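See the structures that follow.
Consider the two complexes below, in which chain A is the common component and chain B and chain C are the respective partners.
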Partner chain A sequence: MKRVNVIQPKALLKVIAIFLPLLFNVNGLASAASGQSSDVPKNSAAVVAGAAVSAPAAESAHGAEASEGEEKAGDVIMHHILDNNVFAFEPFGSVNLPKIVIGGFDISITKHVVMLWLVSALLLIVFSVVGGKYKNMTARNAPKGLANAMEALVEFIRLDVAKSNIGHGYEKHLPYLLTVFFFILFCNLLGLIPYGATATGNVNVTLTLSIFTFFVTQIAAFKAHGVKGYLQHLTAGTHWSLWIIMVPIEIIGQFTKPFALTIRLFANMTAGHIIILSLIFISFILKSYIVAAAVSVPFAIFIDLLELFVAFLQAFVFTMLSALFIGLATAHEGHEKPAAGVAHH
Partner chain B sequence: MLTSGIILLAGSLLSPNPGLIFWTAITFVIVLLILKKIAWGPILTALEEREKGIQSSIDRAHKAKDESEAILRKNKELLAKADAESDRIIREGKDFAEKLRADISQKAQAEAQKMITSAKEEIEQEKRRALDVLRNEVADLAVRGAEKIIRTTLDADIQKRIVDSMIKDISTNRN
Partner chain C sequence: MEGLGLAYLGAGLGAGLAVIGAGLGIGNIAASAAEGTARQPEATSDIRTTMIIAAALIEGVALFGEVICVLLALK
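And now, the complex of A and B:
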């Protein structure tokens, strides 16, 4: 107990000694910082001078932000969140990604495509290692290390997501659900590391993923009920006089489900990043170290940790809802009513 | 901040990008197919096998428990039976021993009685015989004593005189 009492004031004094000059010289340092950050635009300005395309324009906006403040902060944030053709490593320069146009379609490799590929590469590496371990494993050995960590997630998806929502015949959909879960999870997590971009924060990516869920759901429904059963499903088992209302509602319902998936994932991932960036930009806009130390950094750290949780949560929610929709589509009439009740919540 | 709102509403966040959709679809499908082959297959079969293994282990353990309980019950029954058997044997042995002891002691008593009576008879006989012998001995002794007495008192001169006198008597009487 005595030692703690001695050390604590000392440590506190040290911290104050470090921060005091900063706090007193707020303005001087702030201007120095703006001078530092204006180094970056100098570099990029040289690039911009030659190219003068839309993407580097955003770069110059980043540089101008220090002097112009509020108006441009929004641009920088959007630049970080939106997709573009430049993979920027801020103080070290940037990589221009190739632009590919085939048959009138622009299929350029953008920042988010690169992230998707990074995620895919990571997934393939991790799961080739894990899968290799399982190939050499008998029922008597226990997994350890990475295999054990992944098994916990796989087992969770298998039992708590797939089996409990789809029920009979859930094994068929497991590869899709597992892939979608880990794909989204890795996308979300890679978006949290510096220089990363959140591919799942792009509506096109989430739309594609939910279209897959849509197709999987529809095919599962057709397989489970046949064409006649599928059409009967659209009437929701009501009297024929209500069909004129029910059928359009059910058809719209088929599309709202993937739409909700799209928006939910995209909005969650985007919102988190906007909040973090906004918190950090508060200190730049107010040009104050006190705000940076007291507000921006702690809150940004807090939101970042929250994002870490959200990364898992949203991957789980997407998978969970996919499984739920598949379960709803394949459910037989006996299960229809309680399952429908869940869907409305 | 106002700008960001305008950009959002202007739709750059929600703007469609066919290229990205294309790449996402291609990437996802390829990843799905590869992962299905290299990871989900082995992992899921391993999990199922383990699940089955655990289930069968549990079943086997339950069966083994039931079996062991049955064996235990049987053992207890056997033990109880053996206990009862041993009790019975001990009781029978005790009874037999008791009877045997009673028999033997009775027999021994009878024997002893008989021996006592025969001994008494013998003693009586012996006593009688001893008395006879004693009596003969005493008679002999008396005779021998008398003989000794007689022999010592019998003097040849006296006897000669007695005999001479007797002969004289006789001769005088004849004459």
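And now, the complex of A and C:
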């Protein structure tokens, strides 16, 4: 029985090359977004303050007291979700990370950047070990332990995701799909352990990942059809009088796909953490042990286990949709669905 | 204050409405997938894959709505 050695040193180099930009997570977008959002609370605070002045003193004091608990919960949740320069190990203190600004771009090393580095290092270690095990493997000894677990996942991505969605020539895109799957999976899982932060819960990270998918898809389409075929694809095979409607729609469609990928992964990973923290904070807001025992703890554990499933599911969905987009972009005319092409072979 | 309150109200209602739509959509998919699997058990894995893709696409649309609601509530 011949084994396909999927993980090669060359592929590992590709992993590094692809994720090098991520390591230096260019925070231009983040700083722009935070710049906007920092203005907004000021405005709303001013509005609230103005209203409080005009309202009777007793009522405003009562309102402030009641909203304090919720605001605290909201602050803690936002602090947990958002990226910042402190890597906290709560009872044992915290590590302040350096703030670097070069040429107006905030490229400081934040909590999520540290997590990205950690994930990259973990991927390198895990797949070096697994790849090394496959080097001295004969037909006699089957893989076990870590190598076996990774082989199951790799084979799943290779057959059920890449081959069934891309079809002919899927091997070319396999390194990218595998890399993106394991990177997202490790990011998601590291967000679930104590003191971890979910790097995929940062919209910059997911946007970067889907921009990779966008470029891979576009280049694959160019290579498959050539410039003429690519432009023909934009007209969707309609009559020339409809082109004025169809071409903009097709062009917008090209950009909607990575945008949907970005928001899906980001919102899924963020929503899970918000729900867990909200469930925990129910007992703090109501100040009740009964609520803590009956609602907070069981439901938080349930959502946590659900998150474990979602971590795998979202990594799979991102990879699957990337493969689907590549398959759609490279599908030849007449083969409407890439899966139909596979069935004929 | 009234405008801000209306924004919160809109965010809450919008989140609920988005969830109703997503719930109906994914429920329909799950129902059809269960029916399809019962009729043709050997196609289970194909049906499951198709179901997950469709559910993910619907979920993506719902999450667009949710993100807009969060932005509305945070403003």
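Note that the second predicted complex is superposed on the first by the 264 of 345 C-alpha atoms of A that agree within 3 Å, B and C clash if a C-alpha of one lies under 4 Å from a C-alpha of the other, contacts with A are read in each partner's own complex, and residues count from 1 in each chain.
In this text, contacts are C-beta pairs under 8 Å (C-beta built on N, C-alpha and C of every residue); 3 or more make two chains touch, one makes a residue touch a chain.
Given the structure is predicted, the values throughout are model-derived calculations rather than measurements.
S.K.: Should A:Ala271 be classified as contacting the first partner (chain B), the second (chain C), both, or neither?
M.R.: Once the two structures are laid over each other on A, A:Ala271 reaches chain C alone.
S.K.: For A:Met320 in the superposed arrangement: first (chain B), second (chain C), both or neither?
M.R.: In the superposed model, A:Met320 contacts chain C only, not chain B.
S.K.: Please work out whether A:Arg158 is in contact with chain B alone, chain C alone, both, or neither, and reply first, second, both or neither.
M.R.: First partner only.
S.K.: May I ask you to decide whether A:Glu90 touches chain B, chain C, both, or neither, giving the answer as first, second, both or neither?
M.R.: neither
S.K.: According to the stated criteria, A:Leu82 is in contact with first (chain B), second (chain C), both, or neither; which is it?
M.R.: Touch status of A:Leu82: first partner only.
S.K.: Any idea whether chain B or chain C touches more of chain A?
M.R.: It is B that touches the greater number of chain A residues.
S.K.: Contact-wise, after the overlay, does A:Phe127 reach chain B, chain C, both or neither (first, second, both, neither)?
M.R.: The first partner, chain B, only.
S.K.: Share the list of chain A residues that count as touching for chain B in one structure and for chain C in the other.
M.R.: none
S.K.: Show which residues of chain A lie in contact with chain C when the two form their complex.
M.R.: 37, 40, 44, 47-48, 51, 160, 164, 260, 263-264, 267-268, 271, 313, 316-317, 320-321, 324
S.K.: Going by the contact rule at the top, pick out the chain B residues touching chain A in the complex.
M.R.: Residues 1-7, 12-14, 16-25, 27-28, 30-32, 34-36, 38-47, 49-50, 52-53.
S.K.: Please output the residues of chain C touching chain A within their complex, sorted ascending.
M.R.: Counting only chain C, the residues touching chain A are 1, 3-4, 45, 49, 52-53, 56-57, 59-60, 63-64, 66-67, 74-75.
S.K.: Under the definition above, what is the set of chain A residues touching chain B in their complex?
M.R.: Within the complex, chain A touches chain B at residues 70-75, 77-78, 81-83, 100, 105-110, 112-113, 116-117, 120, 123-124, 127-128, 130-132, 134-135, 137-140, 150-151, 154-155, 158, 171, 174-176, 178-180, 182-183, 199, 202-205, 207-209, 211-212, 270, 274, 278.
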